[in-house]
Amino acid sequence: MNRNIHTFIACDHEYEESDIVLFGAPFDGTTSYRPGTRFASAAIRNESYGIETYSPYLDLDLTDLKVFDAGDLEFGFGNTERVLNTIEDMTAQILKDHKKPLMIGGEHLVTLGSIRAAVKKYPDLRIIHFDAHADLRDDYLGEKLSHASVMRRCWELVGDGRIYQFGIRSGDREEFTWAKDHVFMQKFNLDKLNLTVEALKGKPVYLTIDLDVLDPAVFPGTGTPEAGGVTYTQLTEALNKVFQLDVIAADMNELSPTYDQSGASTALACKLLRELILQL
Amino acid sequence: MNRNIHTFIACDHEYEESDIVLFGAPFDGTTSYRPGTRFASAAIRNESYGIETYSPYLDLDLTDLKVFDAGDLEFGFGNTERVLNTIEDMTAQILKDHKKPLMIGGEHLVTLGSIRAAVKKYPDLRIIHFDAHADLRDDYLGEKLSHASVMRRCWELVGDGRIYQFGIRSGDREEFTWAKDHVFMQKFNLDKLNLTVEALKGKPVYLTIDLDVLDPAVFPGTGTPEAGGVTYTQLTEALNKVFQLDVIAADMNELSPTYDQSGASTALACKLLRELILQL
Amino acid sequence: MNRNIHTFIACDHEYEESDIVLFGAPFDGTTSYRPGTRFASAAIRNESYGIETYSPYLDLDLTDLKVFDAGDLEFGFGNTERVLNTIEDMTAQILKDHKKPLMIGGEHLVTLGSIRAAVKKYPDLRIIHFDAHADLRDDYLGEKLSHASVMRRCWELVGDGRIYQFGIRSGDREEFTWAKDHVFMQKFNLDKLNLTVEALKGKPVYLTIDLDVLDPAVFPGTGTPEAGGVTYTQLTEALNKVFQLDVIAADMNELSPTYDQSGASTALACKLLRELILQL
Amino acid sequence: MNRNIHTFIACDHEYEESDIVLFGAPFDGTTSYRPGTRFASAAIRNESYGIETYSPYLDLDLTDLKVFDAGDLEFGFGNTERVLNTIEDMTAQILKDHKKPLMIGGEHLVTLGSIRAAVKKYPDLRIIHFDAHADLRDDYLGEKLSHASVMRRCWELVGDGRIYQFGIRSGDREEFTWAKDHVFMQKFNLDKLNLTVEALKGKPVYLTIDLDVLDPAVFPGTGTPEAGGVTYTQLTEALNKVFQLDVIAADMNELSPTYDQSGASTALACKLLRELILQL
Amino acid sequence: MNRNIHTFIACDHEYEESDIVLFGAPFDGTTSYRPGTRFASAAIRNESYGIETYSPYLDLDLTDLKVFDAGDLEFGFGNTERVLNTIEDMTAQILKDHKKPLMIGGEHLVTLGSIRAAVKKYPDLRIIHFDAHADLRDDYLGEKLSHASVMRRCWELVGDGRIYQFGIRSGDREEFTWAKDHVFMQKFNLDKLNLTVEALKGKPVYLTIDLDVLDPAVFPGTGTPEAGGVTYTQLTEALNKVFQLDVIAADMNELSPTYDQSGASTALACKLLRELILQL
Amino acid sequence: MNRNIHTFIACDHEYEESDIVLFGAPFDGTTSYRPGTRFASAAIRNESYGIETYSPYLDLDLTDLKVFDAGDLEFGFGNTERVLNTIEDMTAQILKDHKKPLMIGGEHLVTLGSIRAAVKKYPDLRIIHFDAHADLRDDYLGEKLSHASVMRRCWELVGDGRIYQFGIRSGDREEFTWAKDHVFMQKFNLDKLNLTVEALKGKPVYLTIDLDVLDPAVFPGTGTPEAGGVTYTQLTEALNKVFQLDVIAADMNELSPTYDQSGASTALACKLLRELILQL
């Protein structure tokens, strides 16, 4: 008898033979409003057995691929920097082994850990960012390491003009003003993604998805639902375009199972993760 | 004083005088993932008093019609074949009395019971099927009688080319491959329904609606929510077209009140049932 | 140390210096189906700290304005007329002081109290009404003062042709028949709002929003969810047009936090209220 | 085929042949805090099929008795006096026909309607009252007809020394002071019930149970949970004593299914109702 | 990197070196009322990381023991006999390897599978059974294999006088009558357990716990909550006595996470399972 | 018109005239398992209007006292030390002004901030601690400032033999071992409180209540429910004894409204807070 292996559906290969490595980053320690994203990766693994491994959209099946699911990183709460170091180490190891990391947050700040590792290997890195919130504050109530300032911290690593934001519909006035000089920001929708894809051909791309870019109608299970978002179909069509690029790593954040009583948001996250893996 | 009659709103006529017969099939015994559809018909009856009897869409009122609500069939759990026999007997009786049966599931397997009766009376039967899932597996974990194989079992009764599926966006690869040779399948949306309606003019039609054909945004209260579905308006416009045909029986399945905390899914099911009755 | 002031976010100015006055009317005493709107104004205040004060849609910030939040009116339950008097007095006082009242219901009947005050000051008043339900019954189970007859009571005050309804998709047959002769009613959607805006240029307008005009997908947290509604974006674009007019008072009703387990409906109400304030 | 009869389990006899008549009073119109008891009687009927008809405590079975379930009275909301009249008429009719009324509330004010009828037939009536709250206010925010003043209104009908209260642990200071001169009140627990039973031998007794007399641990599903209450076993043992008396009518109030997510409170209410019927 | 092992806390040893083997039986296919126990074993594993490995009651720690967690058995739904065979095979294997099986249900019928294996190895087997329900029906709506008849089926295997039931407070009249001649039944509470322990000294004992023996106050998260049960402390003290005997296998059933919104029932099940393991 | 003052019921006096000062510490940043206590103080204020100001237990009324409610402290998340400083400053200010601080957590770590201030003013301070958990770890996953080590940190301030713990039933083995030499710990229940009260006569006492000392039956709304706790009545009787001592400050922690769907836990916390204020 073997011990109980628990993975995202069909991602049960060994590390060495896998091309993609999945891991969870169950951290929500800087969440200022409604916590709960720490439970996302476990919920996604549990509920993934309710979806199919086959995508009729892509005509591909998870069982055709070799994916390793490393489970969740272990964090204490109360020391944000240590959390980010753990994430950076994990991503660095995977990249070093010529595999593609796919991280499941957690709050959006976890992206910073991965970006730190990615930019070291790929100094020419670009970031494509789907989100309702700009996340461009310099600090939040005095804290530099916050979900609300994560893209500002990333900008410090990659520099001007290398972050491409889509779907942004919330932030303070300064974020929107600052953005004009430092990042590309598509407000409210996913228009102009074609131009971005055109511009980033041949560049290494990190893809970060804050699931609240979706309308709360289709994705209520998140801590800061923001009306006026995009549909599931709009998001997946956009991702199809992004995957024409050289995506070297990706993450998906901000599912909060605590606020997903029907389970529909977790099910959507599972389906989207399947599509991400199949395209990655 | 009279005993408490409990029906779907305004469906309180006697059996003999009625043209349409409503009944519940509270069975979810083969549900592999999240059960709960056994509670749908009772919830729909209870909550129907929250909607109006009048449809401004059709300018028709339930009080203009004669409809009998037979309540729920009684099943034991654990013997699927006996459940299907009970449903078949009920549908056969209603058809024999020249009335139209309208069944409220339960899980989708209940449709098989009704189809068995319908195809005996109408050997030329066609089936129009709205669903997120193909339900075309030959078996599910060895079980032939499963919600996941219900349309395959129906196909055994009606034969090639007589099942028309719409909105399908989930299944395993074999189902999609098999479908190409045996049924008409419209993936992802309700397009090409016009062609189907044209083709089925004059034929007896059984209409089966798995409510998860709707997007989980509008219908989260179901066991297997599948992102990327159709809107309520798209579905009702499609039904308007279907009712240009000779619909001899219908069913509506897979509401799971357990996952409908806001009540919005149950309210939608009530409204849709009103429209079905008015058009039937 | 100061006592704890509790307001909608950034609406913490003194009454005298403010141009807009916010107040809650936590009444749901005639709700026939699922009560709970009495908790709306408190929930909106609590949850408003989860949204931003800045609107990227309007490029305006609540901190630029002077708004006073008076808290909630106090009502006993069981005496509807007294409740309406309290609301009328409050609205009259605010209008007398040359400020704009913005009321948070409660059930929709609370609008009658405000309209009574508004029509006294502005005899030429027009009402723009967004709702799923016509609310035009003459009485409901014998009660004249009911959420289901509130617009009929308002019509008695303003007369024929001065109420403009949008998004209406539920009511009994008589309401729809009666409406043809007495009010402008746009069924199902917000079309023809342009014509209304054109017609009402220069007139004083009272704006009343029943949030269930929205589709239950985007706004499940209400007592009578009615499928087939408008999107958040459609509603806000419509409001942009309305605010080209001289809106002298407004209200927003029928959030029921009891049925908003994810919090997404309350968050939407907060965001919409911010937009209302910024445009008022 | 017969129409769907919906009763409390096994209470499906005809009115004429029955000794006990069950009916629902789904009213919560004066509830000042958290409404929802209007849904209690329907929930109790629905969930009663989850309990057994046999009581091992009493070695009696519901199928041994003849009980009629009249369903729910129909009320409009907004006119309290009319609601009470409807209840009074119902109770009077049942008493006139020499049957025992058993009412399911609703909020506690519904008791007043029944007491009005009972005291007309039995001028010598005594009331035994289990509750967490004294309900002895002269008025509540100016309203004489309120759940919070129901026993005060009853006292006006039966006079001093004829109301016996048990389990009371909440009220304002005046209620407790007033009680000393006018009613028997056992604070906090059910002690001294023996003395009451001794004193009331031979007198006609009306039994009214506010279910919040139970500790919120065993009965969380109520609008105003009050810590420090009695256990289920303590309550049923007390009822065993009460039924040594001549109980001519009874009611059970204040279940609020809205706050009973586990269903345990509704299940308890069903079980307690079975015991009440069997002893009545 | 290793694949993600998912076990009950600290039960992460290899099969060969372990003395106790834990496994889940996620089956609720004959549940007649509210399903959901299929999710119990996964929930218990997930939530076990919220409890301590150390028991201050026993002054023992899970880390002192060697326990193997085999994960969940895989079942299709719809074929009860096949499910029972899978369970019997698993239990037989563990017993054959001289280890102690500890099964987590699932509905109570799963016990029958384990008992079949146990009685083959230990023909002299006795069963100690904690439950609110007698589970002694000969059949349930015609089904012999039902949660409501599981102990009757077990009796067919072990014979008269070898089943000892405690806490029983629900069943139909025939069950209670039948019990008098065939099993020992302690109604309502856990009294007389001392006598049972005395009588069973030296005999092989199978311990089966239906968690609804607990009062719904302490354990609301179950499909058929039955008021009037025992406290957590009473149950654990009773178990201390049982473990003076030679318990050769055990199971714990009927947690339904669907009805455990606070998580307190799942947490209790985790704690009780820890105590069971430590004593086994 | 005055701005909306929001306080715990009847605690609406000015700071200067008050003897007791209430404030919220909405922090749960080190919570390792299920967060949510950050919402406790707001929920308690909101729901306090559902309880009475009068205590029949004490025959005292909140309206007889002068209490100031300062609202909630404002914290960023991610910097634990800064949070503790804010709390310490607040408590120090209140003590300096010769008033009694009463803090509403938040997770239990907030107590450390208050104790730091209290021990500076009262070097001879004793701590009485009601809790399910020992909270005596030296660190938790490397973090010294954790809810799981708060009493260890407090011990560093007050020294051996000055912390008196009651109701403790969870912790790791080392905590229980360490406790023997450094604190008084009453395991499982509240026995021997009499001896403690005797011993602490004349000493300044800080009272800290972790509400999970209560059994999850009576208090499910907390992040780490631990079966086997005390009843509400046992706790209040114990507090009656504690208030024979010179309690110079107190706090009440670990309500998590997220897990209190019925509202019964929040209502209990409100009632207990009323009793605390009345006795303080």
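Each chain carries a letter (A, B, C, D, E and F) given by its place in the written order, and its residues are counted from 1.
In this section, a residue touches a chain if its C-beta (ideal position, glycine included) is under 8 Å from a C-beta of that chain, and two chains touch if they have at least 3 such contacts.
As the structure is a computational prediction, the values presented were derived from the model and not from experiment.
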{"item": "Chains touching both chain B and chain E", "value": "A, D"}
{"item": "Chain labels contacting chain B and also chain D", "value": "C, E"}
{"item": "Same vs different contact residues, chain E with chain F, by half of numbers used", "value": "different"}
{"item": "Farthest-lying chain, centroid of Cα atoms versus that of chain D", "value": "A"}
{"item": "Mean-CA-position distance for chain E and chain A (Å)", "value": "41"}
{"item": "Distance from chain D to chain A - Cα centre to Cα centre, in angstrom", "value": "55"}
{"item": "Contacts with two or more other chains, residues of chain D listed in rising order", "value": "215, 217-218, 261"}
{"item": "Graph class of chain-chain contacts, one of line, ring, star, complete, other", "value": "other"}
{"item": "All chain pairs that touch each other", "value": "A-B, A-C, A-E, A-F, B-C, B-D, B-E, C-D, C-F, D-E, D-F, E-F"}
{"item": "Chain B to chain A touching residues, read off their complex", "value": "33-34, 168-173, 176, 187-188, 215-218, 220-221, 224-228, 259-261"}
{"item": "Chain D to chain C touching residues, read off their complex", "value": "28-32, 35-36, 38, 74-80, 82, 140-143, 145-146, 258"}
{"item": "Complex contact set, residues of chain C against chain F", "value": "1-7, 12, 14-15, 21, 42, 45-46, 68-72, 93"}
{"item": "Touching residues (chain side chain D, partner chain E) in the complex", "value": "49-54, 56-57, 59, 61, 215, 217-218, 232-233, 236, 261-264, 267-268, 271-272"}
